[in-house]
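Okay, so subunit A shows up in both of these, paired with subunit B first and subunit C after.
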Partner chain A sequence: MKKKRKSLNFIIGAVLVGLMLIMVVWGWIKTPYDPNAMNTALKFARPSLAHPFGCDNFGRDVFSRILQGVGNTFIVSVGTVAIGTIVGILLGGLCGYYGGWLDEIIMRCNDVIFAFPSIFMALIVISLIGPGKYQVILALGIAFVPSFARLVRSEFMKQKNRDYCLAAELMGASSLRIMFVHILPNAFPVILSSVIIGFNNAVIAEAGLSYLGIGVQPPEASLGAMLSDAQTFLYKDPLLCIFPGVVMALMILGFALLADGVSEDK
Partner chain B sequence: MKRLKKFAFAVVLTTLTIALSACGSGDKKGTASSSITIGIPQDLDSLDPHTAVAAGTKEILFNIYEGLVKPDSEGNLVPAVASEVVPGADGKTYTFTLREGVKFHDGSTVTVEDVKYSLDRCADTTAGDPLVPAFSNIESVETPDDKTIVVTLVQPDTEFLANMTTAIVPKSVEDLNEHPVGTGPYKYVSWVPQEEVILEKNENYWGEPAYIDDVTIRIVADADAIVTGLNGGSIDFFARLSSDQVSQLSDDYQIYEGTMNLVQALYLNNKVEPFTDERVRQALCYATDVPEVLDLTSDGKGSPIGSSMFPAFGKYYTDLSGAYPTDIEKAKQLLAEAGYPDGFTFTITVPSNYQPHIDTAQVLVEQYKKIGVTANIELIEWDSWLSDVYSARNFTSTVIGVDASNLTPGALLSRFQSEAGNNFINYSNADYDAAYAEAVATTDDAAKTEAYKKCQQILSDTAANVYIQDMAEFVAMNKKYTGYVFYPLYVQDLAKIKPVEQ
Partner chain C sequence: MEETKKREVLVKIEHLNSYYRQYKKGGFGRKQVLKDVSFEIRSGQVFGLVGESGSGKSTLAKSMVGIVKDTEGTIEVPPKGVAMVFQDPAGSLNPAHKVGWLLQEPLRIRGGFSKEEMEKRAQEMLEKVGLSAEYMDRFPNQLSGGQRQRVSIGIALMQEAKVLIADEPVSALDVTVQAQILALLKKLQQEMDISILFISHDLRVVYNMCDYVMIMKNGEIVEQARRDRIYFTPKEAYTKQLLTAAGLGDRIGKTGKHA
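Let's turn to the complex of A and B:
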């Protein structure tokens, strides 16, 4: 038995993330009710068989809204991490492999962006391009680039002096080929676990921006926006806060455990 | 060891808090009859009544300063610093007799010099527009003797008296922001910015004096802290609560229900496609189910309105709320006639700090889906709303409430003249301009009222905007006090509040 068994963390994380993915796909295909349909008779309805999570202040089905909200949160997070990773790998790879003045310039710019908290950075971008789902992806994506770039750079610097790189160079491989065909796969495990952690941070950042009212625009749902709306009714109907809150907490927990599991496995 | 220390600290802290709160409540019992703590949602922008602009500031300054006349709770103008007003027959002159023995808070007696100084200060055009825009119509302020003030106008205006609520301040005080001195039932004691303003009763008030001696006005910016503050007993009074906030209050509070005195509507930019077409605007009106909006956003509270005026205007107000009953078929038909059989897409810009307007917009989005129209909400900050939407008119539609600075119909209707500087919806209608000009020019009261009603009718007929409601307002006051009075304007009359007899 050479192969180590997967850790418990990994299993729990994978189950939670799997559940979340099911919710996302479910929300995309069909929600039980139109998540935006209002109904006067169902204002603040308690959970029931017809409405498992109850209804909100407009009589909208909370479960349907959570399905839509998880989907929106997921899209924003995936988009954010995708931008952060791709741009980060390009910049970090170039800097790490070539070094020199190019490295100096890009990394110092990186430091400047890194100096701002990512939410603040996103706020600056939002104030320039306006609020909305896709704007938030771009804004958070930009804010996420520096941390990925830095990580990839150090990984590339470590790898480029290894024997296999020198060998490839002697074989006449081009720099680009060495960077992306030889080094990248070797740096992959490190990048993967930080992508998962980055995904978590993106979920939290998206919730934060939506909470401030500049993420997904109403009446569309996102977990952060649902929490923000529910805050007014904290005393009257605490369930409105609890359901989206618990779903968000489980989502983050799932990815955190998964990241843990991935790094333990190495 | 560390844990023990922590525990000891916690014990000390708890006993300290208990001691403090015990002391606090004991204190309160003794003086409950003569003091009150009021919460307001934002800080004051100035203590100078002539330069303050925020409605939230003016409602507080109402208690410190008075004009020659002041509004009462019915919306009538009653003499204040002046004891008598005689309007000239031609609508061009107003003669005021100074009330005898009115004293400023600093003890000096009000003279005609002070009155002339106050009015001249507001009419001064050396720095651009006068502080009170309507004062550009003043030709002269004269004081023939030490009891009489004569205000002469350039153009006749029979409603000019409404502007004479402008505060009378002493000529001797240079910086009113530092040393506010007025003639009102309360006088200023201190102001800690972002924290609190303290007022005390004016013992020498010329009229019916205030009941409560000390008033603390506490600034509570966070909407959720308001409910906590009221339930915890640190605030006795708060105006302009939402029905949701009210539903979370304890039984210690008496809830007064009134209206906010503003025109909430989906304001449409009449110069942006497709709202250039009257039929499209009417289609939206037919598609809007106002009772449903009220049910969903405020438990059905609020007064539906059908034009740019709210019921507090009394005889000038004409109820047009039934002009566009909800009729989806009619709306679709109008859209088809206008060339949009499959509907269209537009944006509703809403300031992100006004949850009631956001809620209304969300309901509208759902209602317009029924006629195939897709509305997207865009939330922007209040400052951006003021600059982009209100000033630059760079918007398609917006949900907002427009209030009136005084109870003359012009305060609400003048903005819809084609050339008006504050006509942010770019409304342009020759009939309207004519009707409004007639209303201003005529001195006959019946004809004037009729003309103003015609203005409202035109706004409704041409569906200038999708009119929704005069929003419900809830005031919570601790049951230890009574006597709250609603005004048809944005003011809080603290002098009428009195402690309940024990």
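Let's turn to the complex of A and C:
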């Protein structure tokens, strides 16, 4: 009984994430219309066969913009999580493995960053390097490092005292080899599920920053920026909010279920 | 026995003291675990180390390979020539890698082997320790305890060490499997002419495995001598006590040629 529920979470999550990936690739290859092409005749057009999600206040095709927006959100999230994970694994691994003063210094810096909400941390970085898609990736990436570093550190601390690490050391394996060839694969299951959850947090954070107007810059679309624009017309044309909102909700749900499935699997 | 005397000395320990860092009121102190331990292991010798729990057997092993670093005295071991078989193979085999990969790791670390050669050697070793080639693709948790210990022995031998430290290599295993693993260890030792520091608290097993025996208590050597000397004419009261407790007391005093 329990076994069945596990796989169900995983399957639904995988399907939703799969759909999202299809949209991302579709948006990269070719959108039905130019997502930035304005057409005054089509302002606030209702959904139709030609424009399945209707058009926005500039008469741009919402479906095309969502395809592009999902792509941008995806890139920002992947970039953010990649920076957070890679730097987090390096720092957390070193701290957990060596301990001592190195650990003290790095983890205290970590605590300082961690003390701020990640959105706020990202705002500070953005204020230093300016707004934009790639700036957001860097800002959110930095904001995400501490939580990954902590996780990896505690996992490395747990693993390093096990006999297999001693055995590798006695064989003459270098510290780097022990850390990344012997310990890291054992830390993978834990890292994987938090990568997926991190992905979700990145989607939400990107939306938040774009909503504030400092993320992906107009006229380019991102789910957060679309929501922010649509808010002005919430009563006039609620569909403008609903479509990107639902897509984002499904995306987050998909990753959450996937993370659940992966961690339950272990 | 004459022959053992002529063999070269591989391990030479002189006046070894080992310490652990221990928390005491007001800071860290040093706790002495080994006290003035001296002995030699010669090539081809199976050296039995016996003592009750907490007597410092593992500490001695760890000092020899440099895991315990706070030591005084001389420790001479062949450079890169000591390999270790741990007590619990469930912990000493990396759960994230397959048996084949684990067997090849010592070669990978040493470097200079082609992929084919490493694979070939791993397969030969697997056979040597009594497992068929299909086990190459298994993860450690897909093996029984006995099979795991066979793999750990294989990994230790892949290091081509002259001295093998086996710290209670069978005490985590089923009684029925214990005899098989001990027989394997003995067979490989003779085939490959390696020395073994065999740590155990089972005097019967030590009798069957070893040709030289050292008894320890509270970090000190009680006595050490050729096996038959220890088992048939023990000098120390503590040794006699251990032998009696193991049900071997009736042998004391006999000449012991064929016990």
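Heads up, the rule we're going with is that the second predicted complex is superposed on the first by the 260 of 266 C-alpha atoms of A that agree within 3 Å, B and C clash if a C-alpha of one lies under 4 Å from a C-alpha of the other, contacts with A are read in each partner's own complex, and residues count from 1 in each chain.
The rule is simple: a residue touches a chain if its C-beta (ideal position, glycine included) is under 8 Å from a C-beta of that chain, and two chains touch if they have at least 3 such contacts.
Because the structure is predicted, anything quoted here is derived from the model rather than measured.
> According to the stated criteria, A:Leu91 is in contact with first (subunit B), second (subunit C), both, or neither; which is it?
A:Leu91 contacts neither subunit B nor subunit C.
> Where does A:Val76 make contact in the superposed view: on subunit B (first), on subunit C (second), on both, or on neither?
After superposing on A, A:Val76 lies clear of both subunit B and subunit C.
> For A:Ile191, select first, second, both or neither according to whether it touches subunit B, subunit C, the two together, or no partner.
Once the two structures are laid over each other on A, A:Ile191 reaches no partner at all.
> For A:Ile66, is the partner it touches subunit B (first), subunit C (second), both, or none of the two (neither)?
neither
> Go through the superposed model and pick first if A:Val247 touches only subunit B, second if only subunit C, both, or neither.
Once the two structures are laid over each other on A, A:Val247 reaches no partner at all.
> For subunit A, which side has the bigger count of touched residues, subunit B or subunit C?
Counting contacted residues of subunit A, the larger count belongs to B.
> Can you list the subunit B residues touching subunit A in their complex?
These residues of subunit B touch subunit A: 223-224, 227, 242, 244-245, 247-248, 292, 295-296, 352, 355, 358-359, 361-363, 365-366, 376-380.
> Can you list the subunit A residues touching subunit C in their complex?
Those residues of subunit A that touch subunit C are 162-164, 166-173, 177, 182, 185-186, 188.
> Tell me, which parts of subunit A touch subunit B in their complex?
36-38, 40, 43, 57-59, 130-132, 213-214, 217-219, 231-236
> Please output the residues of subunit C touching subunit A within their complex, sorted ascending.
For subunit C paired with subunit A, touching residues are 65, 67, 80, 82-84, 86, 88, 91-97, 105-106, 109-110, 152, 155, 159.
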